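Listed next: structures, encoded as structure tokens.
After this come two complexes, each holding chain A, first together with chain B and then together with chain C.
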Partner chain A sequence: MKHTFRQVFHSGKFVVGFSIFMGLLLIVFVYPVIIKYPPLEVIGQGTFFPPGIYVNTFDSINAPTTYTLILDNAAAKRISNKLSNDDRLAMKEWLVSDGIPDTQIDTSDIVSLLDLWEKNFDPTKSFPGMTYAKERYYQRVNASLQGILSTEAEIIAAQNPQTNALEQTGVVKQTDYVNISNVANVRVLLLGTDNFGRDVLGELVKATGVSLQIGLVAGIIATLIGLALGLLGGYIGGFVDDIIMFITNMFTVIPTFVLLILISFSIGQEKRGAVTIAIVIGFTSWVWTARAVRSQVVSLRNRDHVNLSKLSGHSIVHIIATDILPYIASYVVMAFILQISSGILSEAGLSILGLGPRTTDVPTLGLMMNWAMIYQAEILGKWWAYFPVLVTIALITFSMNLMNTGLDQVFNPALRD
Partner chain B sequence: MRKSIYILVAVFMAATMVLTSCGPAATTVAPATSVPGQPTAVPPTAVPPTPVPAPADIAASLPRNETLYFNGQQWGSVVCWNPYSSSCNNAMAIAQQDNARVTMFETPYLYDMLDGKQYPLLADGPFAWDAGMTAITFKLKAAAHWSDGTPVTAADVAYTWATHAKYQDNVGVGNKPYILDVVAVDPQTVQVKAVLDATTGKAFNPLVVAAYLSTNYVIQKAWTQTLEARTGDLTKLQADPAMDVVYSGPYHYFFADDTKVVLIRDDSYWGKDASMFGKLPIPKYLAHVIYKDNASGSIALAQGEVDVSQQFNSNIQVLWLNYALPISTYLPDAPYGIGASLPTAFYNLASYGLDQVAVRKAIAMAVDYPTIIANAMTNQSATFDQVPRSLMNPTTGEQALYDHAAVASLQWAGNDIAGAKKLLDDAGIKDINGDGFREYNGKTLHFTATCPNGWSDWQAAIEEVASAGKKIGIDIVTSFPEWAVYQTVFINWPLPTTGYDIVMFSNDGAGPTEPWGRVNHIMNSQYAKTTNNWNGNWGGYVNPAADALINALPGETDPAKIKADYTELVKIYLTDVPSFTLMYRPQSFHTVNESVWTGFPHQDDGTNPPVPPLDLTDGWSIAGLYNLTLVKP
Partner chain C sequence: MKGYRKYFLNKLVWFLVTFFFAFILNFILPRLMPGDPVAGIVARLAQGMTNTTGVQAIYQQYANLFGTNKPMLEQFFLYVRNVVHGDFGFSFSQYPRTVADVLKSSIGWTLALQFPAIIVGWIIGNTLGALAAYLKKGFDKVIMPISIFVSNFPAFGMAVILLVVFGVGLKWFPTSGGYGFDLIPNFSWGFVWSVIVHYQLPFWSIVLIAIGGQAIGMRSMSIYELNADYVKYSRFLGIPDRKIVGYVFRNAMLPQVTGLALSIGTMVGGALVAEIIFSYPGLGFTLLNSVTGGDYPLISASTLIITVMVLCANFLIEIIYGFIDPRIKTAQAD
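Right after this comes the complex of A and B.
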């Protein structure tokens, strides 16, 4: 046993796959212990907030200490944040259409450009061939220019409850900074939010856990059924084998995924929990395990040690458990790993079609993909809603397949180095 | 020998496979082989009107500069072109509704949802009630003619109604209680006689009678008689594909299969007469590619393959803010469109505990509407801070119909957990057994909130309702049956004892009978506890005081009294809370891509009457087709 493990861990492929898988498992278990936010809590009012650090504006203004930093390029950065180079070129285009000579407009000189703009721009003016979309673009650019060159401080005012008048309560200078540790509310959203306004990272970790569970349950069921049928059919043979192979062949010709879709649909949305889905996947994906195990057993059935065991009067169960199973154990483990990985893929496939578990009870990787697609994240370029999910699915199946190949190299005499 | 036969067979099979796989490509690259003028999907018995429908290859390569492309209207392939049928699945040509689709068939008047008026189309000038309010009289335009060249006459209008009435179709059955008859006074003059109220001697419901004029098509008498001659009963009449139909509108059938529908302009259209538009509509073709789902439609819109989009594109602003695409909506900022319909949650008043006003109001008060609007609708709805809840849609016309100050104390903006809890506590509905959920008379309150599966924004809204329940100690779970099941359940009283306690459905949008029609559907007890009910009041709400006001309103002419009555109805609605609106939704999601065409309706575009954002096909928005110009002429 010890020797076998040592052999297995000498396989580079297995070790890489195993490390990735353990890393994922570690994150699934450790992350919720450190970050205690509920994974399905709706925090964002709005959809698909981009990844980043969210600093509370109110708390920043009211931070107990402010610092003054004199930075050279602060004003330039402020301007380019509001007015990109494309915007300046578009402003020039508008001014040229309005009849200002090309030579008078210098897009690099922001002061003169703004001066020209303020003198000439009319938001209601439209030129031939100019679309409403463009007209509105200029209106937005114009609105964003308000106070762009101002060096004045912004005044903070609060409403006096007695007089309802605004009274100055503070001033924010352009050189004021706060240290982020002084801001009461800062939330790091490494992967932004999804269409429900939920933290994608927390959801992803939880979903990975749930998907692994689904894969595990599906894998166990599929492997157990496949193993039992394969062992019985292969060892007993004859009429029993014919019946078992008849059923197996019947399942082989029906495309598994179609069967899966039909069963999931007929269960109905109300009853589709994560475990139900896992069971359904398990019960539809045992076929190839059964066939493979059977063929292995058939080749073992007439070996000398099995015949000896038969002559000694051992029961069928005893022979299968002690004389056959150990010889195919490594194969079954490999098949089990592949079953887990295909179970996870099947759940994702089902959920993308809207036939997965119920949305708000548990997150799964497939459901996250499904909602990202419903809210058109891929069209709108909201990559954080679907790409990390894809990567996770890929990592899980990749690590498992790698482990499988590693094991194969160790146990398959034909491949052994 | 045998071997060489095998080789020959193998070579033959390979050759066939290669040839068949090249087949479709070969036909598309060689359009010259197909015979022009050969009708494609036309039954042999029906002779299509001139010009002859186009072969697929012509429809596949329409000149982009002459074609206006749509999405979000047509799902699945067209079944028929029969204006008497309600199941033609022909979204580009047939939709008899408040804002009737008038591309191929026309109504006497066109409704404009922006100013609430009906403008003449086939009719000449405004219609008039007689002194006793018993009948409407209007004239038809002398220029109006059918596609076969014969004039549109009063006899056509009268015969259309007679056919609806005779065969008892939806239009006939729906209007029979209000319209007595439609008669031709002379070839140009139509009189619509109303069913009279026994006590007042005036029209029982003048609103519905007037709405008939802008809702229902005028269909040619001669063609209708041909149709009747070859069909006979209602089922056969409605099942006829009507490829030979005679129409009066500017467009007609050009091509239809399971991938796209194309209408072509009729250059002899009567509307080019000075008495109507004075010219032909600008695009020669109206085309609608049939997309698999919203997502593929959105991609086509972003790529400029669609000019006018009538579908929910989530976070639509990203397309112009982040991608700088020439895409725009009617309004420049959120909510981007004119909210007109009110998706609403109806309480099943027969459910245990929902007969209690305090429970109904508490749940409605606790719901987080801003999150529904920001997340489920991606801000494409006005908020309840902008448009406080009532029975009215957010249009200015309807908002002016009730006294805002008088009902302000009854309105709620949502998220009021403390207020909702207090309301329940004061009503004695508390958690006594300590399980975290409140009981009414010792029995725990447990409800199921439901809407059809796959209606994603509604599902997200219903989830918010459930979470509001949990916040105030009422156990609400969600359930999303398939639409095929849902639509057979919620319309039939009594609703099931489990699973349908809070039921979501949409209310009427903008139309000539609104807001009366909507109020009527939401609150009138005539729809309560009925079966096959597609009108409203699915929760079984009965209030005689409300009924009296609703029934009296259509005959009311004094604006002050109308406003007082609507205010009273809003008060009753917000006090009794038989249902509550979850969001506002536009009549149509009108989004345009200006890669090829420009001049689409948008806010303050200077059109008079204002062209509404209804995709240039519905009601007065058809006028927008005459304002289009090419971006690159």
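Right after this comes the complex of A and C.
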């Protein structure tokens, strides 16, 4: 046993796959311990907030201490943040259409550009070929330019509840800074929010856990059924084997996906929990294990040690447990690994069809994908809603297959390099 | 030719038996489930209706339509008769179209998309796998990890990536539909071109997925054959390498043909999901619509059609296999 493990962990492929998988598992277990936000809490009022650090504006203005930092490029950064390169080119385009020579306009020199703009821009002016949308765009740009070069402080005012008049409560200078640790509310959304306004990262970690559970349950069920049928058919043979092979052959040809769809739809939305889906997947995917186990057992059945055991009068259960199972254990483990990964993929495929677990209580990788697709995240360019999910699925299946190939190379001498 | 008859008959009987069981499963699975499917449908349709007699009337109508108020055996014969007549009832979600009508318009798209894609993927995959086994070294080192990664990538994932890169990012191809939404199907150049352009992304996403798995299988089969005794013997005889490679790949190919027969069901499943991602007007998209619309007759009919398609493809491959595997010829001649 010890020797086998040492051999397995000497296989490079297995080790890589194993480390990826363990890394994922570690994240699934450790992340919720460190970050205790509920994964399905709706926090964003709106869809698909981009990834980043969200700092509460109110709290930063009211931070207990403010610091003054004199940074050279602060003003330039402020301007370029408000006025992107595209905006500058668009401004240039407008000015050129207005009749100002191309050479006089320098988009890198903000001051002269703004100067020209202020002198010439007329929001009511429209050029032939300019759409209404474009006209509105220029009006918006013009509005955002108001006060862009000012160096004055902004005044904070609050409404007095008695008089309803605005009273100055503070002044924010352009050189004011707060330390982020002094801001009461900062939320790091490394992967932004999804279509419901939920934190994608927390959801993803939770979903990975649930999907792995689904894969595990489906894999255990499929392996147990496949193992039982394969052992029965292979060892007993005869009529039992014929029947089992008949059923197995039939289910290899009938597409599993279709069976999954039919069963999941019949179960109904209310009764479809993650576990139910896992059980359904397990009950439809045992075929390959059964075939592999049976062919192994058939070749083992007439080996000398098995015959000796029979002659000694051991029971069938004893023979199977001590003389057959140890020989096929490595195959079963490999098949089990593949079953887990295909179970996760099946769940994802079902969920995309809208037949996955019901959406309210647990996230799964497939459901996250499904919602991202429904809200067209891929067309809108909201990569954080679907790409991490895809990467996670690919990492899980990839690591499992690597482990499987590694094991295969250890246990199957014909495949060794 | 005579020797094949037994093989064909055997396969044909097997095909019919499998078809029969698939048919029964298709009939029985939804009916085995706890709860009355008609009650579910009526509950959905009658949402907000307060008139109990009205609800009752709707219930009766649907119960009659599906025959769920009759004993199981009678329902089965009713179902068989309807299916033989191509009558799958009305689609709920696209009423007043019949299910047969909906399927007729989508099945062509699926056939035209999936079968060429799977075959092209199979051919490219096998060629790459064989090359990787034969050339070894650099080529193998590059092709294998890519193939393993690609074959582990979920089918919809590949579709999404292609869609984002080539559809949204580079804008080379449209992102959804089977043809431009502003066109009416006809045989003009504009329409055909639009169909071709819309075809590319779904097609290649299915091809790419198929390539990975096939390349891995073909590589290990070829390596196994390249080490076989007959190869060494032929080398001793001085038969040119090119000729030996021909033998090797012919032998390695056979299990791959069987492999295609066995995996075609899974491939179609993945391809259906790829159709959904691209909103391609085939069976996958129809299935999605019927699931979201709770359209029970449409689901049942589309799953039946998909099963039939897969079974037919399987049967066809088995027949072709009979022709190309000489062992079958000799076995049948005995």
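Assume the second predicted complex is superposed on the first by the 408 of 417 C-alpha atoms of A that agree within 3 Å, B and C clash if a C-alpha of one lies under 4 Å from a C-alpha of the other, contacts with A are read in each partner's own complex, and residues count from 1 in each chain.
Basically, contacts are C-beta pairs under 8 Å (C-beta built on N, C-alpha and C of every residue); 3 or more make two chains touch, one makes a residue touch a chain.
A quick note: this is a predicted structure, and the numbers were derived from the prediction, not measured.
**Q** After the match on chain A, would you call chain B and chain C a fit or a clash?
**A** clash
**Q** Can you tell me whether chain B or chain C touches more residues on chain A?
**A** C
**Q** On the A-aligned overlay, A:398 touches which partner chain: chain B = first, chain C = second, or both, or neither?
**A** second
**Q** If we overlay the two complexes on their shared chain A, which of chain B and chain C does A:47 touch? Say first, second, both or neither.
**A** first
**Q** Let me test your reading of the model: by the given contact rule, A:354 touches which partner, first (chain B), second (chain C), both or neither?
**A** both
**Q** Output check: A:196 vs chain B and chain C. Expected answer is one of first, second, both, neither. What do you get?
**A** In the superposed model, A:196 contacts chain B only, not chain C.
**Q** Which partner chains sit in contact with A:379 here, chain B, chain C, both or neither? Use first/second/both/neither.
**A** both
**Q** First (chain B), second (chain C), both or neither: which does A:132 touch?
**A** first
**Q** Once chain A of both complexes is superposed, is A:188 in touch with chain B (first), chain C (second), both, or neither?
**A** neither
**Q** Can you tell which stretch of chain C bumps into chain B once we superpose, 27-35, 45-53 or 315-323?
**A** It is 45-53.
**Q** If you lay the two complexes on top of each other, which residues of chain A touch chain B in one and chain C in the other?
**A** Common interface on chain A, chain B vs chain C: 268, 354, 373, 378-379, 381.
**Q** Which of the residues in chain C come into contact with chain A in the complex?
**A** 14, 17-18, 21-22, 25-26, 29-30, 32-33, 35, 37, 40, 148-149, 151-157, 160-161, 163-164, 168, 175, 220, 223-224, 262, 265-266, 268-270, 272-273, 276-277, 287-288, 291-292, 296, 299-300, 303, 306-307, 310-311, 314
**Q** For the complex, which residues does chain A have touching chain B?
**A** Touching chain B from chain A are residues 42, 44-48, 86, 129, 131-134, 136-137, 139-140, 195-197, 268-270, 354, 359-360, 371, 373-376, 378-381.
**Q** In the complex formed with chain C, which residues of chain A make contact?
**A** Per the touch definition, chain A meets chain C at residues 249-250, 252-259, 261-263, 265-268, 341, 345, 348-349, 352-355, 369, 373, 378-379, 381, 383, 386, 390, 393-394, 397-398, 400-402, 405, 414-415.
**Q** In the complex, go through chain B and note every residue touching chain A.
**A** Residues in contact with chain A: 294-295, 298-299, 302, 313-315, 318-320, 322-328, 332, 370-371, 374-375, 378-379, 453-454, 456, 459-460, 463, 478-482, 592, 594, 598, 600, 602, 631-632.
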